[in-house]
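Chain lettering (A, B, C, D, E, F, G, H, I and J) follows the sequence in which the chains are written, and residue indices restart at 1 in each chain.
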Amino acid sequence: MNKITIDETTRDDATAMILRAKKRAGQSWQQLADAIGMSPVWLHSAATGMNGFPEEKARALAALLGLPDSVIEPLTDSPLKVWDQAVPTDPCIYRLYEIVGVYGPTVKALINEEFGNGIMSAIDFSMHLEREPHPKGDRVRLTMSGKYLPYANW
Amino acid sequence: MNKITIDETTRDDATAMILRAKKRAGQSWQQLADAIGMSPVWLHSAATGMNGFPEEKARALAALLGLPDSVIEPLTDSPLKVWDQAVPTDPCIYRLYEIVGVYGPTVKALINEEFGNGIMSAIDFSMHLEREPHPKGDRVRLTMSGKYLPYANW
Amino acid sequence: MNKITIDETTRDDATAMILRAKKRAGQSWQQLADAIGMSPVWLHSAATGMNGFPEEKARALAALLGLPDSVIEPLTDSPLKVWDQAVPTDPCIYRLYEIVGVYGPTVKALINEEFGNGIMSAIDFSMHLEREPHPKGDRVRLTMSGKYLPYANW
Amino acid sequence: MNKITIDETTRDDATAMILRAKKRAGQSWQQLADAIGMSPVWLHSAATGMNGFPEEKARALAALLGLPDSVIEPLTDSPLKVWDQAVPTDPCIYRLYEIVGVYGPTVKALINEEFGNGIMSAIDFSMHLEREPHPKGDRVRLTMSGKYLPYANW
Amino acid sequence: MNKITIDETTRDDATAMILRAKKRAGQSWQQLADAIGMSPVWLHSAATGMNGFPEEKARALAALLGLPDSVIEPLTDSPLKVWDQAVPTDPCIYRLYEIVGVYGPTVKALINEEFGNGIMSAIDFSMHLEREPHPKGDRVRLTMSGKYLPYANW
Amino acid sequence: MNKITIDETTRDDATAMILRAKKRAGQSWQQLADAIGMSPVWLHSAATGMNGFPEEKARALAALLGLPDSVIEPLTDSPLKVWDQAVPTDPCIYRLYEIVGVYGPTVKALINEEFGNGIMSAIDFSMHLEREPHPKGDRVRLTMSGKYLPYANW
Amino acid sequence: MNKITIDETTRDDATAMILRAKKRAGQSWQQLADAIGMSPVWLHSAATGMNGFPEEKARALAALLGLPDSVIEPLTDSPLKVWDQAVPTDPCIYRLYEIVGVYGPTVKALINEEFGNGIMSAIDFSMHLEREPHPKGDRVRLTMSGKYLPYANW
Amino acid sequence: MNKITIDETTRDDATAMILRAKKRAGQSWQQLADAIGMSPVWLHSAATGMNGFPEEKARALAALLGLPDSVIEPLTDSPLKVWDQAVPTDPCIYRLYEIVGVYGPTVKALINEEFGNGIMSAIDFSMHLEREPHPKGDRVRLTMSGKYLPYANW
Amino acid sequence: MNKITIDETTRDDATAMILRAKKRAGQSWQQLADAIGMSPVWLHSAATGMNGFPEEKARALAALLGLPDSVIEPLTDSPLKVWDQAVPTDPCIYRLYEIVGVYGPTVKALINEEFGNGIMSAIDFSMHLEREPHPKGDRVRLTMSGKYLPYANW
Amino acid sequence: MNKITIDETTRDDATAMILRAKKRAGQSWQQLADAIGMSPVWLHSAATGMNGFPEEKARALAALLGLPDSVIEPLTDSPLKVWDQAVPTDPCIYRLYEIVGVYGPTVKALINEEFGNGIMSAIDFSMHLEREPHPKGDRVRLTMSGKYLPYANW
């Protein structure tokens, strides 16, 4: 029905505006994250549609980057998390997938041994990425922290 | 050809023997790992066929658990890393897969920003799992460290 | 390596023994569940390898059905939850899958509206199945209860 | 053939108009559902193209939200129910899928024991979602009710 | 656990015994079906594990074919309906799949036009197969009859 | 290449024009089919691009619905039969798929017993859909008729 | 149920016996085919379970190769045609798959232009394979012949 | 970047222009192929983007159909051969796929017996389609000819 | 949100501009690669979005082909490497896939025997393609060189 | 049919015997290959069932490793090349798959530019693996050589 003009700012519009403004501002994710008081992992995922912003953080980011108020609402919606590739092809992301394939059963066994019959939450969860200096070449350090959730019995 | 008797110890035999002996010994992966001087993540993955043992570590484990020498050779082979489920179903392992789906592009973006055009190695790689005490419920902390590998240009 | 005799009771053995003993005893899942003080949904899933028993419940069930003590240990292990069919074919199970396909986005939207940006836990979770008498034909009532888990921001 | 102007309101147009009008009106699904005398689960699924409206309910909703009469017809069509992801990726929806994988065989076994050889209908079916207050954190309660359908023999 | 002797008759055993006894008896599915008062489509599907027998029909078939009483119980269980090939390869079965692909949307449209918003049940369902004599070559006539089930609104 | 104006009527245009004109005319598929002397199953499938029209039937339909002559040619082309979902999700179509999964091997066995080693054609094929009145609720009756094709030996 | 001894010759047994006897006899498929008056393509496919033998051909082959009478019945059954790899991996078979991918639409277009709206039958079908001498290297010539089947209109 | 006007003729443009001009000219593929001295199978595949034209053949076709010179270049490019459906759904193309599934292993066995360890090339390859008159209904005859390629040993 | 004009040069724009300018300039990949001091394999992959340019190489290429400065930035971004076909269909690319299927385990075995438990890097990697003159027909020679990466133990 | 004793040496038996004898002999693939005058890549692939041996090479290997004559025949058969994982999981093999995904279109483009419209053969093909000493860590060098095959036009 092309008589109706869709003039709202969508989630994708908001993402595009953030990426463009960030480039113009010459700021890194780390700098933006520091400025609004969040971590860069969370900020990037929220800015690209994999997490929802609390309203004050959306406002802070919009103010920082000079974005119109119309981005606030879509940024605070709870986004539908969708990915297309069951097995990712980009080498940087595939290596993470490979780690899950190789070490997934090990993580399960050690959680069960240390905590009991349960899992690490991916919801009550945070992740940080750091540079780990090393004489033979610096390393990427990824730290994940998720609440232990025991299975209910009833 | 059933005239030939297959009497060698296979990788699967070695794994089964380790699991049985570990249960009888009442030892945790942490305890076994401490005893042979490796980390529990590595030990579990190597014991269950996802990594190959250096010979001295295979000997140390065999001695510790009272296993026959015939397990040494299969434990030191370079194992074929195979997993059947492109998308894992066990909730504890699926959550890791979900983290890759949700945060994979974020990890790539931050590595590129911090290090340049490259990836985190999954080969020159290590991982540790710890309990993180927390007043609202303890947490699982997973720390991954992989060498940064820049893409070659030629 | 066929020189080693595997003589332990496996998870599958334990399941087979429970099903056989249940049939001989002429007991329903409801009756067994009442006898050990659990719900029938949980008991069936634990008996068929989709949940782990607390030790006292495993002992109670073994005693009730006259099973040997060797079933206790495998029943208390944290089982690897595996299913083969990404889309189930059995009509009774497919209908549940269809409900997720049709109403999944609705459940997400209503949880987000009522609770905020989060999910219903499938770990801190319970389910009951009841007969709902109805003049035009009795109905199956399934009640699920899962803890609301808000997404962390960090 | 671009000589023909397509000027009808489609199902997707109707959905977009409802979502926009709902946002402007600041009404929740619960409020809209109460106003037209349906449940919020049904209303959301019908508004987003997974169920067809009875004409009077379509008219009531259009009147309530100030939508043009042209939305009535597409809302009353029997929609083609299509979903793209055989395994959903959004965590909130995936958890429902996981529940089917883990507890599907249990639901089948208990229906068979309680009712006989048959299934729970997903057509003569309803679902409700409620907040379940709980001292350790409120819970989501999903109640499904489907007519028991016995297999025909002939 | 190989100390336990599994000596019960399984569903697969029962099927194998029926097929063997049928061959020895030189009876067609039509003849067996007439003898126990069921249709051949139903009998074949029940004999090969896709439907459950009412007890008296299982007894009648066992008596007719001289099978031991141990087949009764597995034949009356509600079978798990499983097929491996999402797209069947056997040409005779594939043609049916092709008919669903080509005419499925047509069947939906005509049911909706004739009956309203609903479906044809595959549970309250029967099917017959007959020879249709024809001068240019006899034809296979398949007749399906399923109860119309209207979607519930709630 | 946007210098060339594509001004022909495509198959999709023709389908869209038929559906629109049918709605305006307030005619059912049964009525249109009677008017041009074909069955409604065939007419719907041909109108929506799953069968090709003989020219006189395309002309008759165009005349009946007041469509331009430009629809004749695309309607008489042999269409490429394409469907996207190997396993259909719409419940009304899925039930047909389920019937093939459950009863496919039975249909094969009975065709082989009645006719010999061969199949039912899906090309020299027709299908009808009727309402079957029934005191417990009317039923959908689908009748398929396909030529028996014996396998060649050579 | 291991009390029942399965002592019939299966289809797989018959295939294995034919392959072994053929090797011992040092006969090619061409020679065997000539001896029983069939073509080698058909004979190989029937011997390996992709076609059913007429009884006299099964008897002729059994006599020729000195096989017991028990192979006659399984060879004359209508076999279930099953293949595991939707996309074959063996290079010799993959090339045929590739030809279908590249030239399939062309074959359809030319059949439609030459014959009308229909297909080439894969049931009333035969195929021959010959050596085609060529100065730059001999060629494989595959000739397929299938009855043209026009789509029915009804 | 919408400041750049893409004004070149693409491969798809060339295909569309050929199909339109062919329809207007009322020529069959056979007639066009004869006119430019190629076979109709090759011409159709090259015209629809599955083969590349030698320049003189592209010029001849363009002249014959009155197409602008801008089609020459895209027609002579080496096209990327892509098909979307691993298992084709159109019945006319599926039957070819089915032939590969049923007779693929037979073709391999007979090539190996007649030629040795190798394959039939799909690159040094040609195919022809003819009408084969037959009293019981004309047949489609497909003849494929591919160079025998022996596996290298090194 | 169509109020915002996207006027940046994207990666796809840059690729399209390079391909067009290359064609007009009548230069081969080898010639362009020589001119900017890189290899043709790397240049093609970087130009088509599978590798990122160092800034000076992007500037050199832009200068060489007369492209605007706006292409520099997108060419130097770290591209997301995505491919759609898990199994490629184009014959030239499929043959490479086939080589991995046939010789992959061999490459692994020989790397393990020669170097130890590790892999060949696909990141610290280069590849060259050359013509290898041969009396029976010239050959394509592909040379790959990747750093050996030993698995870490920890 | 368990009355027939299968006493022939299969392809899998032959592979197992070679691997065992090689281990006992303490020989590398390079040493074995040198001894029979073949390359190690070819020998490993032929020994593990991905290529067929010429008879004299099979005899030479059997003599070298002290294997019975019964291995000759299966080693000289043309093996069916089958792999299970469309996307390999082992990191060493996956990296090769990744190279095809990233550089496949590049290889095609450069072959087309250098040779014309054609491919590199995977049949008239050879591959070598070498150690490439390097100050920053030795490298694996893979060299592939395949005959250029031009597409036929006809």
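The definition used in the following text is that a residue touches a chain if its C-beta (ideal position, glycine included) is under 8 Å from a C-beta of that chain, and two chains touch if they have at least 3 such contacts.
For clarity, every value in this text was computed on a predicted model and none was experimentally measured.
By the document's definition of touch, common neighbours of subunit G and subunit J comprise H, I. Matched by residue number, over half of the contacts between the chains of G-J recur in the interface of F-H, chosen from A-J, B-D or F-H. Subunit I has its Cα centroid 50 Å from the Cα centroid of subunit C.
Note: centroid distance subunit A to subunit C, computed from Cα atoms, is 32 Å. Shown for subunit F are the residues that touch two or more other chains, namely 6, 8, 41, 80-81, 83, 86-87, 89-91, 98, 101-102, 105, 108, 112, 118-119, 121-123, 125. Annotation, chain-chain contacts: A-B, A-C, A-D, A-I, A-J, B-C, B-D, B-I, B-J, C-D, C-E, C-F, D-E, D-F, E-F, E-G, E-H, F-G, F-H, G-H, G-I, G-J, H-I, H-J, I-J (touch as defined at the top).
Those residues of subunit I that touch subunit J in the shared complex are 28-30, 40-41, 44-45, 48, 50, 81, 83, 86-88, 90-93, 95-115, 118-122, 125, 127, 129, 131-132, 134, 136-148. Of all residues in subunit H, those touching subunit I in their complex are 1-4, 6, 8, 80-83, 86, 122-123.
Every residue of subunit D that touches subunit A in the complex is listed here, in rising order: 6-10, 13, 16-17, 20, 70, 85, 87, 89-91.
For subunit I in complex with subunit G, the touching residues are 87, 89, 91, 94, 98, 101-102. Listed in rising order, the residues of subunit F touching subunit G in the complex are 38-39, 41-42, 46, 51-52, 54, 57, 78, 80, 105, 108, 112, 116-119, 121, 123-126, 149-154.
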